């Protein structure tokens, strides 16, 4: 089985973190590929940056999905995910969606630990769009500048752990989600150090992608996740155009 | 005052409908400009098409916003709207958001009359994302193929009126929203023929954009609608890059 | 165009504040009239006071609506608004409803800055009745006695600004609503001093009333906002009785 | 113990139905008094009529509450109830609120059987304002003209029973509420004929009013149900004025 | 009339508190019986303990319901209540459900004062399962060890009162619920000392059980609260088996 | 890895269906064990039957969890699941919870296809308790008697498929959940025959249980899913007692 993870931002060091944790998490026999967005911003914290990341991810996904059994949008916030679910011929999930699925299996109310103040509003909207708003105990975020986006989990290890502990003690979190690709792997390295189950987006996404590929639930041929209706288009990247023009079931 | 409307799909005949209704609706002294997306699909009905339309709209908006006092995303579903609200230095609204504001001022529960079956799931998600889910009495949609997207309101006039009447009689709609740029102007031509108030997205958007430009509520310098934090980026259209790099307040 | 604003409390100095801001906000050519409730209380903070204000407003509205193109219930909390929407032959809006419409066009989550502790529960219920409960970041209110209801915005200028800033910094407000007719005009005088867009109820109501009058969406002849069914009544003020007895469409 | 029921509409035959069912439902030793609104409409079906009924009820309640241990607003829809809870020195409940309390104790999802089409939107808003919207399976209503408001339960007995049965079979109602003072007593006369528990507003209100009077939970001296803050007023009925001016605890 | 209260935990001193308050609260002529679970834990604070308490309560209820006109599950959290409503031939309520009914009749937003930190999550889920989540202002709980479960209200009287006062002042509670059978009677002994109405689960349950028995709303013969469909079973206590096998209406 | 599935009802033929599908779904190297409740009913359709099934499942789980890496409550409706999550030292999931996790990864709105009319209300409450109520498009159920619970998927194959198709066409289901252990494996045998992705509870539960065991998110030592506080108990099965008495972390 082959799982393709697409980093919607342009930072290679983040792709490296994603790749490392994806490989540690994958089942035996699963091949991991990580690709990086060809354009966009260094780190996605806002609705506008997600809009850009969504389009960049769509281009990469359209070009490379044929060699994959499942695709992962590898940024918390899942830029473009629901659109890609219409377009791609294979299952697709995202780091937020997958982390929520894991958290849902471990407890009722969860907190999200994030790496910037600004990112919180966007995360909240994404969580609410999935219908998980009532289960969100809190979002807590670092409030200091990050020297390097790829090094945030080392630089701020203690601060992140403190946020997690306060989410449990003060907000009633029953599960913790360490959010954002720059934190990929942190849940694993904190194993046993936090008082409630801890969820990581990358490992959740890889495992759930494997599950979807294994269970073969079938692709939508009707309803709102079927391929968009055939229609004229103009100026789209070839790979996207080909998928839009592919025959309907 | 100058209001710029951007049609996120590539169909010029739809831009013409938008322009005509926008001019009929504008206050004396308001100048209307309508631009069409340079790439994308003929008509946006799905999440993926909205993802594409959002990026195309962002490019047009970034290039042309400096000559406008307010910007309107002129497709029902508002592709890219909340992202653009972060990016642009002027107020921006969308056809769905504006139609909801009008409906909110006219009654409690509203129905949306739409031009395709497929479009309904996406519309519902957009309405829910604005928090108006509990006020949505129903979405009713044409269930027949459209010969031409620009001619839908003439071709299907009676069917659309029938849907509207059923929404009032069977779903408890207290207000009707005729949705989609291809229906721009239909509310006006049906004036007096439907038993509850009727809302049009284009005229609502133009009027509410004028209001925002007139009231000058101020631009966000903090919070999640401020300009995204300055950071490295790559491969973005110049106009977008310039806005992202503009000085923070 | 003529917009009639009715102050549901008995305080003339508040009517003066309303009139001044309404005139500043109106479009060229719009005539503003402000009337004051003939009976009731000095300032409406509670459900019972709103019950009284609703009946007083209904009497004034019934008597004077025929000379107006739109009516505004000029107290935050909108006493009697949804009832008047059934009764009056012209569009009617209220300060809360209109402020929410503006806030909805400017951001997702908003805070309300209010002038008394007691008023908060009633405001919250009104916001929730419009379906905006999930978008309400917080209500923050002055906690000191007011020497004069007409002078509150000068007397407590700094305290009000502090509340607004805390709502942004601590509650995640993306938009601020300065609530209550006694604060009419404060948003305008604070222009540029607060870090997110600021909404005023009076100016929003005037502008949205103009929009409704201009767009002519039609009056409800069916559904729950049509005139109440004809039926016997007794002891009602003449103007109300005449409206209830007017011919059904 | 003495329970005062106030009929917010002007129809004496409805007051008679209320009185008869209240007496049948009361505990031994409870005295029942029923008063009729001195002004208003023959039957309350809309928001505006409720606004009128609220003010009329407030006048009656203010005048007569001192001889009662508890007060009941005896119209479904509870005109003025939450306002009166602030004003009156004794517990006050309403037919809708009390019927919901009973339904809550008997099952999860309930349907309301009502006597007019128009009344449904208002009922729904009242139910939602109490937070019971998610438990409302349906509202079903007669769709024919009523010859006399006091005779509706005899004239339409079979139609009402049919609506009730369809609510169980088609809408999943686990409890039925027969709504509106004109149906007072119908639940009792249908005893054993419907397949799920049946709730009546008058008997529920009488019994719950007795419970509140017996348990003596205490009157609010703080919070939003305390007496409104003392302040100037003008033109209010004496009894209301006296209550507003009474000493604060 | 005979009301049977079943204490789902094994602590006799708690049963004594329940019995005392039930007797003080009952109407003249109502006989009170309190039984204690034959197996289980000393005090129910968690979902698992509630699971055990539910089964123990079901055994007691099945054996003894035939001598009762109504049954009360006498633990806050209502272990097994909705299941027992299907099984038993008489009305059944629980302390949480009944306290919520009382709170609903006294104000809009309520706080729960509880005796342990751990108990809060379970209480919140129960309140939400009844649809009262939006009316819950807060849960506040003791944060110290309890020397004896039967003596908690004396040992921690001041701390409990402090929690109640903070719920009013800081959380906007309009009604207070003193939760948990170990606090039975505390509302009565604090009468007049708290600034908003105070609700007790035992007295509410007794009074509401009397109301249900008196109003005779009828037992469900259809829908989800009817007796479970007849089917094979094995290994169940005789009394439960007999009820499951009793003839369907 | 070893996954233990516990069938909370007493029907061995259902356990056989569960075992067969679990083995087909498990990853290479996962060992499957299925145990059947020692007491209870033939098929769980109601809240009371779930109460019984929960206690029976708890006994089996407590006795056998030490030989398992993860436990599955193998009945749709998840009797006892959240309680067991507190008690057991290994991850535990249930068929409904796991099916919802899969559906969440495949689309937004889902329908549940069930095997009896009666079961629908209970299923709806369970789905709502997980916070998925707004994503539930519909529950559709067989409305005919079942000759044998183990043979329902063959006997009613066409009727089940018809229900599924109507859920897509009429209710807007984007994903289908075939609910109930008696339908275990049906999703697999209908592969490719339904127009949207199809989810099976058993295979979802097995795969997600494997994921939880593999990712090792950690057991709760704080918060509401930690082991219940140590306290006296009486009359509990030994295995349960030992778990309750085991040392706290």
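Letters are used for the chains, namely A, B, C, D, E and F, taken in the order the chains are written, and counting of residues starts over at 1 for each.
Just so it is clear, a residue touches a chain if its C-beta (ideal position, glycine included) is under 8 Å from a C-beta of that chain, and two chains touch if they have at least 3 such contacts.
All of these numbers come straight from a predicted model, not from anything done at the bench.
Colleague: What chains touch chain E and also chain F?
Modeller: A chain counts here if it touches both chain E and chain F, which gives A, D.
Colleague: Please name the chain that ends up farthest from chain E once chain centres are defined by their CA atoms averaged.
Modeller: Chain centre farthest from chain E's centre: B.
Colleague: Among the chain pairs E-F, B-F or A-F, which one reproduces the interface of D-E, with more than half of its contact pairs identical by residue number?
Modeller: More than half of its contact pairs match D-E, so it is A-F.
Colleague: Comparing C-D against D-F, which pair counts more contacting C-beta pairs?
Modeller: Counting C-beta pairs in contact for D-F and C-D gives the edge to C-D.
Colleague: Would you kindly tell me how far, in whole Å, the mean C-alpha position of chain D lies from that of chain A?
Modeller: Centres of chain A and chain D (C-alpha means) sit 52 Å apart.
Colleague: With chain centres taken as the means of their Cα atoms, state the distance from chain A to chain C in Å.
Modeller: Using C-alpha averages as centres, the distance is 43 Å.
Colleague: Of all residues in chain E, which are in touch with two or more distinct other chains?
Modeller: Those would be 82, 85, 108, 120-121, 125, 128, 134, 172, 174, 223-224.
Colleague: Chain pairs that touch, all of them, please.
Modeller: The complete list of chain pairs in contact reads A-B, A-C, A-E, A-F, B-C, B-D, B-F, C-D, C-E, D-E, D-F, E-F.
Colleague: Sort out for me which residues of chain F touch chain A in the complex.
Modeller: Residues of chain F touching chain A: 25, 27, 82, 85, 91, 93, 97-98, 100-102, 104-108, 130-132, 134-135, 168-169, 172-175, 187, 191-192, 194-200, 203-204, 207-208, 211-212, 214-226.
Colleague: Could you please specify the touching residues of chain D with respect to chain B in the complex?
Modeller: These residues of chain D touch chain B: 120-121, 125, 128, 133.
Colleague: Give every residue of chain E touching chain F within the complex, in rising order.
Modeller: 10, 38-43, 45-52, 54-55, 58, 80, 82-87, 116, 118, 120-122, 125, 128-129, 223-224, 228-229, 231-236, 240, 244
Colleague: Could you list, by residue number, the parts of chain A that touch chain E in their complex?
Modeller: Listed in rising order, the residues of chain A that touch chain E are 108-109, 134, 172, 174.
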